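Just passing along the structure, written as structure tokens.
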Amino acid sequence: MYDLVVKGGRIATAADLYEADIAVRGGRIVAIGEDLGRGERTIDARGRLITPGGIDAHAHIEQISSTGVWTADDWFTATRSAACGGTTVVVPFAAQHKGDSLTAVVADYHARATPKACIDYAFHLIVSDPRPEILADELPQLIRAGYPSFKIYLTYDALKLNDREVLDVYAVARREGAFVMVHAENHDAIAWLAQKLLAAGHKAPKFHGVSRPQAVEREATHRAITLAELVDQPILIVHVSGAEAFEQIRWAQQRGLKIYAETCPQYLFLSAEDLDQPGIEGAKCMCSPPPREKANQPAVWRAIAAGVAQIVSSDHAPYRFGDADGKQKALQDFKKVPNGVPGLELRLPLLFSEGVGKGRIDIHQFVAVTSTNPARLYGLSPKKGSIAVGADADLVLWDPNKQVTVRHEMLHDAMDYTPYEGMELTGWPVETLCRGVTVAKDMEFVGEAGFGQFHKRGLTDLARPAGRFPTGFNPQDGSYRG
Amino acid sequence: MYDLVVKGGRIATAADLYEADIAVRGGRIVAIGEDLGRGERTIDARGRLITPGGIDAHAHIEQISSTGVWTADDWFTATRSAACGGTTVVVPFAAQHKGDSLTAVVADYHARATPKACIDYAFHLIVSDPRPEILADELPQLIRAGYPSFKIYLTYDALKLNDREVLDVYAVARREGAFVMVHAENHDAIAWLAQKLLAAGHKAPKFHGVSRPQAVEREATHRAITLAELVDQPILIVHVSGAEAFEQIRWAQQRGLKIYAETCPQYLFLSAEDLDQPGIEGAKCMCSPPPREKANQPAVWRAIAAGVAQIVSSDHAPYRFGDADGKQKALQDFKKVPNGVPGLELRLPLLFSEGVGKGRIDIHQFVAVTSTNPARLYGLSPKKGSIAVGADADLVLWDPNKQVTVRHEMLHDAMDYTPYEGMELTGWPVETLCRGVTVAKDMEFVGEAGFGQFHKRGLTDLARPAGRFPTGFNPQDGSYRG
Amino acid sequence: MYDLVVKGGRIATAADLYEADIAVRGGRIVAIGEDLGRGERTIDARGRLITPGGIDAHAHIEQISSTGVWTADDWFTATRSAACGGTTVVVPFAAQHKGDSLTAVVADYHARATPKACIDYAFHLIVSDPRPEILADELPQLIRAGYPSFKIYLTYDALKLNDREVLDVYAVARREGAFVMVHAENHDAIAWLAQKLLAAGHKAPKFHGVSRPQAVEREATHRAITLAELVDQPILIVHVSGAEAFEQIRWAQQRGLKIYAETCPQYLFLSAEDLDQPGIEGAKCMCSPPPREKANQPAVWRAIAAGVAQIVSSDHAPYRFGDADGKQKALQDFKKVPNGVPGLELRLPLLFSEGVGKGRIDIHQFVAVTSTNPARLYGLSPKKGSIAVGADADLVLWDPNKQVTVRHEMLHDAMDYTPYEGMELTGWPVETLCRGVTVAKDMEFVGEAGFGQFHKRGLTDLARPAGRFPTGFNPQDGSYRG
Amino acid sequence: MYDLVVKGGRIATAADLYEADIAVRGGRIVAIGEDLGRGERTIDARGRLITPGGIDAHAHIEQISSTGVWTADDWFTATRSAACGGTTVVVPFAAQHKGDSLTAVVADYHARATPKACIDYAFHLIVSDPRPEILADELPQLIRAGYPSFKIYLTYDALKLNDREVLDVYAVARREGAFVMVHAENHDAIAWLAQKLLAAGHKAPKFHGVSRPQAVEREATHRAITLAELVDQPILIVHVSGAEAFEQIRWAQQRGLKIYAETCPQYLFLSAEDLDQPGIEGAKCMCSPPPREKANQPAVWRAIAAGVAQIVSSDHAPYRFGDADGKQKALQDFKKVPNGVPGLELRLPLLFSEGVGKGRIDIHQFVAVTSTNPARLYGLSPKKGSIAVGADADLVLWDPNKQVTVRHEMLHDAMDYTPYEGMELTGWPVETLCRGVTVAKDMEFVGEAGFGQFHKRGLTDLARPAGRFPTGFNPQDGSYRG
């Protein structure tokens, strides 16, 4: 007898849409079929749409910001919130600061996550100090130990790498088969503009956006791609916000480079107008890159629909509006404000309602960008990212017709606001199962701290280099073919 | 007890790759799971890769060419050959000639197919005479009767529509929710160049290619897209051969238009060099559009890999080399030669070996472009196009390591040559099941004439118009929003 | 002694800007220098800017429209008006209708022009009936007789050529070294949209614009370019109105094709809003292609500034607003209205004030696009198009600071309106000399009918083909280089 | 009576081509006319083509390279050589090193030039140390004192600015109306690749090219443009070598940005093959950016012909092949070799013969890119850059049919080789006049050291910013328009 049978739901994967029962044993899907009978536990899913559990591959949890502030959410509230929004796996960052041992950083993050995680997880590394011993020893060891992806920054004083360091990091990634994520904004340009803005007395939240125009994102994207081309290393540009950066990415893709892209709900639903509100209200929507003008939003949808962006993540980076060291910092000036918006819980409902519901993407694209693609790109497949025999029973049951008006009080994070307050959504994840266990139901959390498991990840074909060098010189092995 | 259990294979779909048993009852997949036991019949698929049966959505079978010659294959040899190559569904054309009743044409094609088809099938229509009664009555009735896709031509004297007729046809398609396929080459330019070539004594097969340069395909592609934009009608450009036409298609896609594209093995594996052989040998590779220069092939691969082309079909159009009214016509001049190459049987093996095997595309893309995408675009989903509960048990078992040197004598069509003679391939479809019945095994046909069933097709979301008009004028309902 | 010395003006050419005297003898410039003394006649040009006389290379004068109406201006009023606006040469069309002998057409136009022309002129041909004897005999003879440029149409029932005819015409042009101008709009699409619009009751002038969206201009531009590419023939796209067509032209230019472009003031200063006025007022701004949305105007300026468009002409096509067979036809429906706007007199003042005055182009670009480039492209150099020794003394003296509010009553054409009524301009051509004779002064005409001379034109290097064929096949001589 | 009359030549300017006499007094052109009589001195120029004296706006003369070596040419040999090649004005660099006072640098360069210059000259500055006092005081003062253009580097350890410094320099330029030239290559990427190459034992000259692929030029070009866009500052990218960088420049130009480009003969006539010769022979063609593959050359021609590149300079940077501290350094490794090729003398003959003579550009384009455009962009107009009344009598008399085989021994520099050895050219500058004085004749130098005059330059309209900021924020005055 099965541990669990989910009966009669309509199953959607990145490829298929069909009705069937799902049978679970030991947390794994062991059969999908017509009329599989009953299990120890049986869920009646008739009328429900079932998608794979969401994978949120970009989140900051119990991390300290570059302005020295801890995120509002800890591992418990973050993963509780994610679960209630249909997400069953988070892949936040273990963030190195200058001087840190990467290994020690990873141990720290594990220590925080283990007792509190309510859903499954893995870690990307953040490499901010690629000194020789890190590149030679720690990073390769961690890649092989299950952390085969890491993010680098082209901006932020505390985090940014120069172009030479970027090449060094890419080269290690290439040698080890790992994957590099890039935060692409031109640091100098932002710092210079911000200084000029503040000097001219422009301190309000909206000037955060003015200090980071699309051009600085576009430039850094072009640069990150060019450096990747030189060493033949696949990369992913995270949180792409604007049409101009997407133009660079598409240009690279059509030339056959392995350049991937992620975008986030804030670039689909927020805009420069949201930053430009009375008082410091706009601080609620401050993140980097900033939301662009409204006219830019269709270009982001098109990037998703056309496959230019493969992933939609939340970039959850929660800082409370009411906290003195949170968004209230905007009372001083925009540079003081910790960057980020919350998004773990609403990512899937927003994309489902406004994407699938309004015909901008289809259900297969929805599943792909929220679950299957991150699983494949980051080495969580085939355990995670789809509904298939052998995979973990990470399932989301949707009531596709449920009408919900977004209110922060119904969310499960530790924040005091949501930037999406008041939006009217259609369709909601009414039950979330992680490894066959219901962790959220009817908009309430029913899981428990410590249930979540860490997943060691392996290498992925999608990060395999193409084997082409623009000059015929392979800097990895020193060979030259003129 | 199940009718059939396929045990222990590695199942690949457009989204997933996993090991499981597949249980079949009544020709349909009723369960996929671990250790499903044995059926009436059990196939040991350990070590095999299992993909969905191929869908070849572009083939000419028992059709008369524009030069008045019947295709060499009839329904029996064509579908036998397809089956041996891993294809379980063909969607050839029911081709109207000027003056024909479409309904009568469809009846004729059914009469030919019914007794001989060895695998399942459907029909696209070819609309060459869109006179008022066809547009008003027959075409809408046929769309609703299960023929919701049709091809139009911008070239060939006997088939081509002028731009006004194209708009009329698009408008009917939009109103009915149907899908239009376009053969996009500029007729006048080809006719003019051919006349000049022949007048100058250039009669050899290679001048077929000279008379149809990439520019004429690019132009007609741009035009077909523009006309589609005006009426907001999704279309698919068939057999796209070159980088220049793909550039137009990508440009349209990135502007958010629903423009799809198909390409064919001949543009991946043949080239202008193959047309330029001693004597009339080049006639074996004559098709329209013609194979391009070798340097163009990577652009076609990139179009597939980047999702610019959604479908790879064969455009099977078989004319024997030795027949007086076949390729021997090349002894006269290139304009006399019936256009087309055979491809039903080798489409999948070629793409598997050279695409998946050589890392140009992954297994999911292979499944998508050869089966899942045509099923979704042409309304065969969810019965066809994937391996999922509820779908027909159309399965291909691959020996991924089998080495095969292509020889025409091992193929099962009625031809006397293959343009791919001598290619060394790795991986072969060693068993093909259509609705749970083995129709080909170990490179031999084991099915029977008349087994194939016709499939009525429904409308598909992918052909749903976007609802946007460049001028604000909706020519369908006459409304204007300035 | 010189016949005339123009003293102390500031001379602007496409290359230079300097102060000097200009000495004239026999209607020609014989010296430019410092302090050349006085002539029979001396003009004090201190404080004046002097540019070469304007060349308006696109105008319809005493021509019958495709709706059967004669232009409001005859040769006298047209050239009088041109002279007052600083233009000293017009190159209107000698327009063949189906069945006409080209030679006879040319004779007719000469008969009308000779007694009335107030400034110099030449003729482009319009070839609407390229039947064999025209292509074989008349056209080559006329090219050699001084008419080495002709316009063809891709739209208008009475004028349009099909693609094959376009190729035939291009081929003759190539053989003879002549230049082809193309009116590029897709006829079928316009006819189809117009029919649907009228059927839906949309008859107002603004629907003229709706029936000819940018997409139909873009498509025909792409097609005209492609056909030119096949036969390696330089062409010029006339009256380019929109960013989309310019994108095609730029794409061709950067590939090294000899594709030129002309635009007109109506695309810089009028917009779709002007077509959308109460009653039939919008008919005053109806021309083809139509003025586009306001947001398109900067793209047209950029095309001029970046050299993508080489010529700014008026496309003067005058039909009175008050005439029953003129713009009043709009009371019936937009398809009945003769297309065109007047522009001979205001072309230069508009471009000077809004272009040079507002820094969008510099004075050299102004001279180039209004005089030097048309002279060079159409074979009027070196007699016309610049201020240089040996050239005709066609000079315009500008008061660069004169403020003028445009009113139709101050113009000198036979019209009853100007679409630019009320515009405030800075800078005005206060004296116009043609061959050293003042023909307009202080906004009044002081020349005389019959003064204007016809100019036979020769071939020009800019129309010389590049010698490249996309396929290696030269359809002119039948040679093939694979 | 005139000092000099040049009689009967065919005068070519950027706009005109005509026959006339040129009369000179006091070194200036005072009249151009038919039959101006004879002067104190009379030159019979019948059969000669006369162009404005060449302006070579990019040269390194008596400058110390970044590898610490002085250029082989001093002011005497450099300007002697230039004169013999038809150049009458050079604008080399006054190069600041870190710590230098700019003013002192300028004085040094003047001290070297004054006694030795044989033709006229001006100086661009090189700003390598934009410390506050330089930006606040010295640079603005020098701009106003006649040095309104300066070059910055994105590469070379000793010279490169970071992005923030680039913005600071741009901002000063914008405030003062000055013009910025950018050497655009990504420093880190080059350094990283070079290190890897040397570590792998790849030391030959050809690896110079491998270490600086087109991608690093393209990237830095994109970056330089983006930074310019942020502060609305016109810039010129110097010595653009490849199609990829030109693509970025064209993209910027078509968006309306004031981005200009220069290219050099080495990118038209040399290629990667020239770097890849036996022994260290390739060192003769080493410059930065390096010559690209042969297939790239047509793109450079097209950039000139289409106006994407406005200037063709020599980037004369002469290091002898036989000198131990010159190209012989290649015996060690490519990084040790001083970068640069000579070009002052052959720039015009090469471009005339292969450009004008072979129909790739016309004579007006030739004059524009070699003389008129640099004069206008760098503030030498109207004294220099054209043949017009009031301008200096800088004239080059060409024998357009003279056949010359290039041999280094016929050149007049202090080098021991030319990279163009053996080229067969048609057309040669047989007499060069600077301010009416013949300085070179019949391939021999006839001028004298110290004759050359320094020209203070003024601001130019072409460097005037557009007044547009991507974000609405003007960092110069602190204003914001949202």
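The chains carry the letters A, B, C and D, assigned in the order they are written, with residues numbered from 1 in each.
As a working rule, a residue touches a chain if its C-beta (ideal position, glycine included) is under 8 Å from a C-beta of that chain, and two chains touch if they have at least 3 such contacts.
Keep in mind that what you see is a predicted model, and the values were worked out from it rather than measured.
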| item | value |
| --- | --- |
| Common touching chains of chain D and chain C | none |
| Joint neighbours of chain D and chain A, given as chain labels | none |
| Longest centre-to-centre distance from chain A, chain (CA-based) | C |
| Whole-Å gap separating chain B and chain D, where each centre is the average of the chain's CA atoms | 57 |
| Whole-Å gap between the CA centroids of chain A and chain B | 38 |
| Distance between chain centroids, defined by C-alpha means - chain B, chain C (Å) | 49 |
| Chain pairs in mutual contact under the definition given at the outset | A-B, A-D, B-C, C-D |
| Chain D contact footprint on chain A (complex, rising order) | 162-164, 166-168, 186-189, 191-193, 196-197, 199-202, 206-207, 209-210, 213-216, 218-219, 222-223, 226-227, 229-230, 276, 470-473, 475, 478-480, 482 |
| Complex contacts: residues of chain A adjacent to chain B | 13-20, 23, 30-34, 36, 250, 253-256, 298, 302, 305-308, 359, 362, 364, 367-368, 372, 381-382, 386, 388-391, 461-462, 464 |
